[in-house]
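Down below are the structures I want you to see.
Consider the two complexes below, in which chain A is the common component and chain B and chain C are the respective partners.
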Partner chain A sequence: MRTTLFAIICIFAFQVNLFSQTEADRLTGVWEPSNGKARVKIDKIGTKYFGKVVWLKEPIDPETDKPKVDKNNPDKALQNAPIKGYRLLKDFQFKEGNIWHEGTIYDPENGSTYACTIEMVDENTLEIRGYIGISAFGRTDVWKRLQIPKRD
Partner chain B sequence: MIKSIPLFLFLIFSFKAIAQPQDSTITEQEEDFSMYDNLDYVDQGAKRFCTSKVIGLSPQKLISIGYDVQGQTDISSSSVGMLNQQTEFSNVRFSHGLRLQGNIPVLSRNNIIIQVIFNYLEQRYNYDQTLLPIPTYPFRRTILQNGIRSTGLGTTIFKPLNEKSFLLFQATGDNNGDYGWDNLPDLVNTRLSVAAIWGKKVSDRKMWGFGVSRTYRAGDLNYIPVFLLNWTAANGKWGAEMLLPARANVRRTFNSRNILLLGYELEGQTYRIDSRNAFSALPGYNNLELRRSELRVKATYEFSLSGFIWLSFQAGFRYNYSFNVDTLPNNNDFFRGFTGTQPYLFEGKLSNTFYSLVSLNLVSP
Partner chain C sequence: MEGPLFEGPNSVSAMHKVDLSSIGVSADKINHAYISKVRVYLPDSSNFNLFGDFKFQLTADEASMVECAQLNPIPSNVSSVDLKTSSEADLKDFFKLSEFVILMDGNLKEDYFENVNFKADLEFTINVTE
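Up next, the complex of A and B:
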């Protein structure tokens, strides 16, 4: 009897965990910020979620005629790092419902990193809020999900 | 047992290496990014709007705490209106005052930004009391003893219409006068300043706009056209930030955390001088408004102390534009504009002087 009960609990716990993981993994995929200047691919690494730049509308820096690099980064060692491939989103954890939190977002245009929360409004829309200190001091942007074109 | 230690350590480190997330900022370079060139929206793309930001613009101050000090100045005034008072004169060794300002975003989304703005500015005077006999100089005595303050609350709304155009609206109610904590101002005397601008976001480095404003920056109530320009050169080193005619700055950016601004600002308000005035018993001295305005030609150096905490040093020359006094008929403010002929009660003069302002700021993301 005890063995059966233990087995049921284990199966239930496993299924809950599996469901939770699936729910959390909805965040993965390729997303586009509202300004349409970049595309960011969000992956799960370990237990957290990270997003890197995979496409730029204007990949070449007009000043140098070379691929854009992270020249505004306060860390000099990273100022020659290419923007394409750069991890802007870091360390997001699934909270519950439609929220991923405790992450950061980096803005290459000014070299600043902000605390960040992601809310999935629907399966294909994210509201990404970057802020400093408290959430009131921040800004929300809408990101849309992208996919490989379907071929008929 | 000893032989198994290296194997144990190897297993520990191997496990750690596998378990640790690959969270380096720079990702593997050999990835083929071309697969992301042609993607479609799963449903539909977000409607795109221009942002209020221009690359390289000096950071907007969310909260600012500053202190302003002006050098020695002479104040003189002569009565030209209904009263036959003698000319007043006094010497101010220096003047100083606290400056608190805030721009708190209450709604900040890509399709609208609404901010609550507040400010508290004061001007206190350190003067030679032996040159200020009572009651010969009643008006000057009131100003110098009590100082003047401005407390304002308002909102700024940035509403992008699409990717290229936007509306900008700002309204503030300011209560200005010689009041203090023991004698708070009457809200009836709140003065409303409003500006509405339509503009174009030409690129990430340039935005401009035209509009109209109801303003007290020249001391008197006025209605004037305004022109907005925020621009950064392609090299990112030079730029301009202006809202004419109120202010204009040329910007030199050394890097994203060190900025020098050279320019001017027209600063002014109308101040109710009746809270604690020394001559309220005199007929005709009721409902007095000090029309104060000054042009500050200035150099400002701003830099990041740490992250979003910025320090600002400003120094320049303060040129007096208006220090005149009106008495309001029936306690109603009136429009004089640039061409009005209504006489002032006093025409005041401040000699020009140098000033400096230091402020600690929490800046916007």
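Up next, the complex of A and C:
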């Protein structure tokens, strides 16, 4: 076995998806899990959907008196990454109808990642089912779309 | 990042086209690849005081997203930073593709109304079976 180094230089550009709204893009937006502890913004990268934490009800860890970090991540090198901004939902693909699948959901409270499917019950309600192995052994949570009050 | 930018999580991305021929590596011989160095620069000689943290991920339509480096907090009054990299995050699947996306997330400490430009040097270590 040999080891090779490979270097690249990146010039970053603002992440923007110039895509026309499709049936699958109904998933994008800001959503709130049933426990109300966080808000998760789902957006599209390439052809897949990802959801990152954009708001925390309790952003400060009472043990450290600092913003919460991903202290339960099994990879020690990543344990100091903040929860705010963390992508909990990864790699979802639109299946058909109201289903997005082939994704994962991460639980920062125990550092575990679960297989996950998302079903849109109506335009403002998601059923998020995380599971291990087969979908029958899992837990479903209901997320609500964040409603922005309309101005007169 | 294109302003105006708002306090909290923001993202920038760069597409990388994979070409391993320059280093004489065949993608099917890679058994592990990880990111061994990430250095981020602000080319316009300003500093990182606006940002609380950075995180790097690779993603592609044909491969699952992998987090591979982070830095929290960002030191004050510096114009380049080295992120903490993960050797456990296996990136070999990305080198079997024609291209992948490098995604950098950063939490902005406050609203900012200008554009922010970034450059980064990335170094990957690739273990190859002979």
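In this section, the second predicted complex is superposed on the first by the 130 of 152 C-alpha atoms of A that agree within 3 Å, B and C clash if a C-alpha of one lies under 4 Å from a C-alpha of the other, contacts with A are read in each partner's own complex, and residues count from 1 in each chain.
In the analysis below, a residue touches a chain if its C-beta (ideal position, glycine included) is under 8 Å from a C-beta of that chain, and two chains touch if they have at least 3 such contacts.
No experiment lies behind these values; they were computed from the predicted model shown.
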* To do: Tell me which partner A:Thr104 touches in the superposition: chain B (first), chain C (second), both or neither.
  => second
* To do: In the overlay, answer first, second, both or neither for which of chain B and chain C A:Ile134 touches.
  => neither
* Look at A:Gln147 in the shared chain and tell me whether it touches chain B only, chain C only, both, or neither; answer first, second, both or neither. => first
* Asked: Is A:Val69 in contact with chain B, with chain C, with both, or with neither (first, second, both, neither)?
  -> second
* **chain B versus chain C as contact partner of A:Phe50, first or second or both or neither** => both
* Asked: Of the two partner chains, chain B (first) and chain C (second), which one does A:Arg87 touch, if any: first, second, both, or neither?
  -> both
* Check whether A:Ala77 is in contact with chain B, with chain C, with both or with neither, and answer first, second, both or neither. => second
* Structure fact -> The shared contact residues of chain A with chain B and chain C are 41, 45-48, 50, 52, 54-55, 78, 81-82, 84-85, 87, 90-91
* Structure fact -> In the complex, the residues of chain A that touch chain C are 1-16, 41, 45-48, 50, 52-55, 67, 69, 75, 77-78, 80-82, 84-85, 87, 90-91, 104
* Structure fact -> So, in the complex, the side of chain B touching chain A is made of residues 19-29, 31, 33, 35-49, 51, 55, 62, 104-106, 108-110, 113, 234-236, 255-257, 307-308, 362, 364-365
* Flag every residue of chain A that touches chain B in the complex, lowest number first. => 30, 32, 34-36, 39, 41, 45-48, 50, 52, 54-55, 62-63, 72, 74, 78, 81-82, 84-87, 90-91, 106-107, 109-112, 114, 123-125, 130-132, 136-150
* Asked: chain A touches which residues of chain C in the complex?
  -> 1-2, 8-9, 11-14, 16, 20, 23-25, 31, 36, 52-53, 55, 57, 59-61, 64-65, 67, 69-70, 72, 84-89, 101-107, 115, 117-130
